[in-house]
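Report on the following structure.
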Amino acid sequence: MPAAQAAASAILVVENIVMRFATAEGGLTAIDNVSFNVAPAEFLAVIGPSGCGKSTLFNIIGGLLGGYQGQVAVGGETVSGPHASIGMVFQEESTFPWRNVVDNIAFPLEIAGVPRRERIDRARRFVSMVGLDGFEQRYPSELSGGMRQRVSMARTLASEPKILLMDEPFASLDEQTRLLLGDKVLQIQQQLKQTTLLITHNITEAVQLADRILVMTYRPGQVKRIVDINLPRPRTSEVVSSEAFGRYVAQIWSDLREEASRGMIDDERRALHAGEHKA
Amino acid sequence: MAEIGRLVRAPQARPWLTSVTLLRTVIVLAALVGWQILAVSGLLYRDVVPPLPKVAAALVKLLSSVDFYWNLWFTIDEIAIGLVLGGLAGLVTGLVIGSNKFIAKAFEPYLYYIGPTPKIIFFPVMIMWFGAGAGSKIAMGAVSCFFPIALNVAAGMRQIDQVLIKVGESFRANPWQMATKIYLPAMRRPVINGLRLGLGVALIGTLLAETKISNRGLGFVVIDAYNTFNMPRLYAILIVLFVLAIGANALITRLGGLDEIKQK
Amino acid sequence: MSAAAVTARRWAPPLVGFGSLLLFLTAVEILIRVGAINRYIVPLPSEVAASFTRVILEEDILHRFLITAWECLAASLLLTVFGIGIGVAFHQVRLLRLACETWVAAMASAPLVLAYPLFLVLFGRSALTIIMMSFLVGLPPVILKTIEGLSATRRVLINVGRSFKLTSAQQFWKILLPSALPTIFVGIRLGLMFALINVVAVEFLINFGGLGQLINDLAERYDLPGVYAAICFVMLISVVFFVITERAERWLKSAG
């Protein structure tokens, strides 16, 4: 798709993002000139090795991090802080332990001033959507990790964002729970036609869920390649056993492997350096 | 309590509990019997350890006198005002210190190290500033509870899970919403604990001050019984004080403990 | 970051804190001198500072300090020995623990010091009253922490002992106790703090003993600057004591 045409119909436009941090050892360029677009109802996965600046990108797009060069625009509007059209799902455990499930999910509606009766009704819709019917009155401490992440996701969906931004939401879950939750996410995304941007380090997850995958390099993070995933829709987790799936995974891994190796070598060098300092 | 499952003996949940109650009853009875024997033995000077019936009688007399409730009310009043004053000051101070690393490093050590000093030694100063009446007692209570509350609120702010703040920001909550819907609920355990400790020391501070200089309040009742060598009454008022103090502590713990279910 | 910047970062907060204190005291000094604050209620900070030397020399401070110190020491010894002893007993005899642990916890929240008139009757206006009260006040934390430390011994360490067929006694001395030591020391430190606070408080209340009695004495003599100076002195001592026990605990944690 020609760049201009893509930009015109895109709902999220990320342009020439450069992010530098000042550190004890001097400066660090986390992200170097990253640009991409996301079309409405599209599922874009951003994958990269640890240290490629994925989480930094997540915080930038979500409006929680400033001080960068470049621009992020949602539906034509420039993002300069948390935006009503962007919903964020964090990697860490983020349910409010003092609220039950339905009150957690109703939180964004509460902030927006929706009256109690209405917001509970609307929240219940999303409770069902993530498959937590019957757990409305339970507290997060009574739920499993996977269920808590579903609550976090439902909470963000309840704010009905134009763009759903997720930072490795399944990182702390085991493989099987991941695959099943992936099914759920696909189902919801297809039902709501939700534009989604997923940050992940898990190749299988990316290929299972995405329409396109953006592979990032190791620090300074740049766009290495964008891969179109032409697996049929609607999709379920059964797609992981297909040949096409395997080929995509292999393709992505061959790109990623190089970057991941660079990351490992860098880690080792730094650990060695720190050890020498101590001695 | 979870250790019950790990016992080597065969698990007998029900009889186990009864053994505990049995032992407790035995201990209490043994203590009472020992007391009574000591009381009537004549080993100690008369009434230093009064016979149980005398103590019981004094207890009844105390609790059925209007004076007692008047003094009780007076003391509760002093403690409450002291707690509110010291508590508010502590809350604000704790919030300021907890929210800013620089301020914390500059001023928190003072709170931390002055905290565990006996506040009663400030009492002469309080008398000079606020007179010998209720003012100095309230001041003692306020000064006593300021420190644990401020320190606990500051600590509470620091232990808030950062991601929860991010969630609030991502949903663009305004400062008031952030404070009431995120900061305060996330801090409730340390705050309640601070309140519990604060109540404990405010109680002690106020009552000790009353024993030193006062003609009203429960502290006065204590020192009055001492001065008139009315030992049964002294034991009676101390028993009442201890029950009230432990009860208040348990009440606040329960309020904080209810949250035990909600938060792991 | 440059070395100078790092040093500045490290020392700026304490300097600001201390500086604010000095600023505050200077403000008080000025306000009193111009008459805004009644000098018979709040003495000049400069006078208080001056009376420090006077108090130290005239009031036999060393002697008083030693009295307070020995009372603390006696109470500390008692609460350590009995606290650990009772704690171990509770741990070994499960029934005892289940029955009485909550009582000990309740005792910890009880305002024991309020019973000082009772102790006066029982033990007279003497060091014994002070020591007994402080001992009882400092006892619960030691007992509770001893129990906590012993029962929190990691399961895997106990299994190691069992795999080597250790006897109960060996298990206790070689595995449980060493593993519990850091927690026990936390309890002892708490107990010592409570004991110290109580020693000084009771000395003040019953007008007997060392430093606490000094404050009472000076207050009754209406020696205003002296009272402030003595209070500062007591605070200083409690801070020093606190810091020492903190360092000791940290050293023990890193060594053990």
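Note that the chains are named A, B and C in the order they appear, and that numbering of residues resets to 1 at the start of each chain.
Here is the rule we go by: a contact is a pair of C-beta atoms (placed from the backbone, for glycine too) under 8 Å apart; a residue touches a chain by one contact, two chains touch by 3 or more.
None of these values were measured; they are calculated from a predicted model.
Novice: When the contacting C-beta pairs are counted for B-C and for A-B, which pair yields the higher total?
Specialist: Answer by contact count: B-C.
Novice: If you take the mean of the Cα atoms for each chain, which one ends up farthest from subunit B?
Specialist: Centre of mass proxy via C-alpha means gives A as farthest from subunit B.
Novice: What whole-Å value do you get for the distance between subunit A and subunit C if each is reduced to the mean of its CA atoms?
Specialist: Chain centroid spacing, subunit A to subunit C, equals 52 Å.
Novice: Need the CA-centroid distance for the pair subunit B / subunit C, whole Å please.
Specialist: 18
Novice: So, what's the distance in Å between the C-alpha centres of subunit B and subunit A?
Specialist: The separation of the two C-alpha centroids amounts to 48 Å.
Novice: In the complex formed with subunit B, which residues of subunit A make contact?
Specialist: 62-64, 81-82, 84, 86-88, 90, 92-94, 96-99, 107-108, 110-111, 139, 141, 155, 159
Novice: Could you please specify the touching residues of subunit B with respect to subunit C in the complex?
Specialist: Residue positions touching the partner: 3, 7, 16, 19-20, 23-24, 27, 48, 102-107, 109-110, 113-114, 116-118, 120-125, 128-129, 200, 203-204, 207-208, 211-212, 219, 222-223, 225-226, 229, 231, 234-235, 238, 241-242, 245-246, 249-250.
Novice: Residues of subunit C touching subunit B in their complex?
Specialist: 12-14, 16-17, 20-21, 41-42, 94-96, 98-100, 106, 109-111, 113-118, 120-122, 151, 193, 197-198, 200-201, 204-205, 212, 215-216, 219, 224, 227-228, 231, 234-235, 238-239, 242-243
Novice: How about subunit B: which of its residues touch subunit A in the complex?
Specialist: My answer: residues 161, 163-164, 166-167, 169-173, 177, 181-182, 185-186, 188, 259, 261-264.
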